[in-house]
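Everything below concerns the one structure shown next.
Note that the chains take the letters A, B, C and D in the order they are written out, and that residue 1 is the start of every chain.
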């Protein structure tokens, strides 16, 4: 029995997820599609899928078992609340919502429903390299973690469209979420430092250096550079009491030629995380088929909005900006194991 | 519309393929199962699958679209011929058959049928590392290949059950097949040298060093060691006219501790090639759904038997043992591109 | 004609330099020795060397061309001033002196003398890995530097003797000096963060994270960990506008065994920097033979005291501690090229 | 007391050794020089060195303690015999002599003299990477060695001047010598295979693949490629019973840019082995100052001529060419430890 999925939002990422759900993964079929642009929805809909005029109709259709939300951020809250009201599992792309208050409303609804229905699209948690890193840390062989260095480098960003707040609003949330997950810890404060700017960035605040203070005392040191020209380079290194654990080089062919002995760097996030996206949905399908959700929670989406807000404040203040959270609902406290690979 | 598959042989590898076809991959379902041990077939059969008493009945059942053969080698010829007679696509685990004459009979049947139906289970061709290596070579950037060094190391082999001919019969075929595929070339002769023996192997002829002479003049130099204790280590390095291309380290976490800066080595072939097996079947499902086969051919299975035979002769003679082949049927000459990853 | 050298201070480091000057390097001989413990001086003195009762006598002896100071820090100022008064080149181990005021007095004397006589013992500048890193940066191929990550890890520190200020007083000066040299830049402020403490350190403030703000805007991010158990691990990574340049792994044998594929980490600073010390003295001998000094200057020693002081203040304040310097004497502004290796 | 050295032959390598002995190393001075071209000798002679008209006069001059022979190969025997007759330590560049018979005559003279006087210029034995590799092997941690893969790649060779026998005559001797030293073993036979030729080599027999059969049964597999374009690349990998040990990448800066994550390859042998040459002479000076020789022996030079001869025969025969040696004089059997680094 396949999981029957409706997809809301058929832009670039929505189309990619439709491809994934129909061509790559098993146990799932896309039966419904919606977009604010009907023609885009129609051209994106796989054979046999019904195109709905509104998200609400799609969510409530009895043929739809579970929903994938790829619409733009400001529309998420209403769609999420509708899914929860319908008691249907939902995968929601980042950002979960666009304010802490909005996230709290979604959490309240989910808590009231009584079990998890929402999985947020932090795909790095499904990446094999990060999972192996966490397995090493969790083994305890290296002692407690003390510092984590996270590096996030983009080859380039679209000129004109990209603003100085985006590295903190859109990129930092990945480093923040993966740090929380890896360390099984919560962020209590954020500092931002702005080093010498790259001349490649047209007055962009680039790079930025962010320090995330974790409740355990661990400091996470994040470099975000969005114009490095050479590729998409994601690095992570954990300093523990008796050893270091780091993400490996990507497994590109080792070439020796006039440029030295070398391995290629991924061009972009699609190349880097394609398998993580597949695995993310593989696990979502399993949970949604059981009527619930696993992986990144509404709480995780909530903390992301807090971290991004604090980072933006920290740019202005130059100081440590503390993060104040509501009490964590018990629903989001369950320890989850990484599914065996 | 899912491809309806029948699996013949439900031992360890058959069970693993059933798991793969039912839990990992899309567009496929296992509808039929057979094994010489009925009870084993019954316990391996997924819900809803029919258990057949004979391979012949399974193959001919009208509900079965395509067949996966995981029985033992001596049974393959008859099962393959039955599949071809039924006009059904078939995936056949190694060895294709157990003699060159047998392989020729299967080829004759397939050629008579007029299009490819058989894919042989050389899963390395589907491994991402090997595919990237081939992409580098085929780009021409490094000039023509001149030598290839292939290394195949096993942690250990089952004492008592393992004989000195097995590295040449069962292991060398992988290095030979991947060399032929990588270089797009044919093997014309085989030499074997036996270095100092490992004391870990109880009189086993281990390691062995094999030279494959390719028709282009390329020499492939193979080290097969089956008792290295430390893990399952597969290496490959191409020497080309203006550069070298090699398989990378596996992407294990980079740990720095009292043992140095290090990456773990896979324990066994399951860990090393699990994704290659998935990809192998993904492509088989696509081709079988179209009523044909891609990937490793009956011809590739035929050449494997010739290489293994020549290698065993070469141990005794100490000389270059030439390989004489029948003329290659046109059916097997089509150039196939690697599916975009 | 060999350079005739007198060595003041024959403790561990003094003895090691005597070994180096007599057994490893050419163009030099040790003709004089002094120590506060006469018997230690006598046992350390090579054959034919005269043992002096006071530093002053050694410095002024007409048979002594140049002096190596390995006494303890508080004695350095008087000895340096005596060398300058005598117009003799002098190599001075770290710390140059123990206060900024003291450093200024030495600079004033050297400036009054009119040419450089003092080389300070920052040996990292002579390390081949750092020199290659600087060559890459100076080539301009990667654009301007924006951030530098420096990592300094010690296996362990002597219990009881080691205090929480030592990482900032004794270790940070190396990272600070190498950053100034690598970037050809000056430090304008220092911040210190104290992450979760290692339980291996008995209440030690360990690790510490330091940010050095350079006048160009580059931020240098330093991790100092002094109890990592696994070895002595020095890392450096420059983020530039169009690429990254980093210190390589040490060239230890690549071993593949039950611990993975791995390279050993140096045990301590002696193993790591032995060749840098040799090269440091090789260049000192060349300059001293010409009656002057090259390499790290009195100014570099002066800035080191300022950085260490600022770092200690920053621990207490939790803020950015600015560094105020006197105007840089012209004597110390000359650009010096790395000697061709 | 410095060792007073006379240098015979002031071509490129002779001039480089004069530079090394006068500018880099301690405990030595060049007091005498000779060359078949007097003007070349005069311009190469350091200040204060005497220029001799004949090798014989230089060797016998009472002011000369030890001799460095850098003349061409055919002149070596007579000069070596003169050194031995004079009882003076002598460093002799490769080739020791040009025939096995000639080598035997030199051995007989040295044996008659009663102690070692000759060190042959196999500088790889002094390279830190090879020494660490040998230390790992000798530790026994990986069990007995079974195979050794040696790779020797040159960027290019001088067109017109370079012949197909040179890789076997001039290059293979390095791989052969280092294999004998590393494995503490003797070569009993040689096979040569000629793979597909590089089109970069103008009909040159390039690459060649050589198998050295050691008396222990170890097989050494050598790739010699002399036109790889990209640089000078020396590799070595030992397959032992429970693990692998290999030469590391050279410690070039790790650059990440548009060409990937990469390390430069040395351009030529000077860059690769400059420190090995220094160390080679450092140890020679120590031994020669004590009136004797350590390091590679006359016996090692003798075996080199046998290996090169066998390799050339093996090209023609296509077979295993056995090596027959005279009985090894006891003088050359002493076990020597690597000097502590």
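Keep this in mind: a residue touches a chain if its C-beta (ideal position, glycine included) is under 8 Å from a C-beta of that chain, and two chains touch if they have at least 3 such contacts.
Keep in mind that what you see is a predicted model, and the values were worked out from it rather than measured.
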Furthest chain, CA centroid comparison against subunit B: C
Between the pairs A-D and C-D, the one where more C-beta pairs touch: C-D
Separation of mean Cα positions, subunit D and subunit B [Å, integer]: 44
Centroid distance [mean C-alpha coordinates] between subunit D and subunit A, Å: 58
Subunit C-subunit D separation of Cα centroids, rounded to whole Å: 38
Multi-partner residues of subunit B (each touching 2 or more other chains): 229-230, 233, 242-244, 249, 252, 255-258, 263
Of subunit A, residues touching subunit D in the complex: 229-231, 233, 249, 252, 255-265
Of subunit C, residues touching subunit D in the complex: 23-28, 128-129, 132-133, 135-136, 141-142, 242-258, 263
Residues of subunit B defined as touching subunit D within the complex: 143-147, 149, 193, 195-200, 207, 209, 211, 214, 216-219, 221, 223, 225, 227-230, 233, 239, 241-244
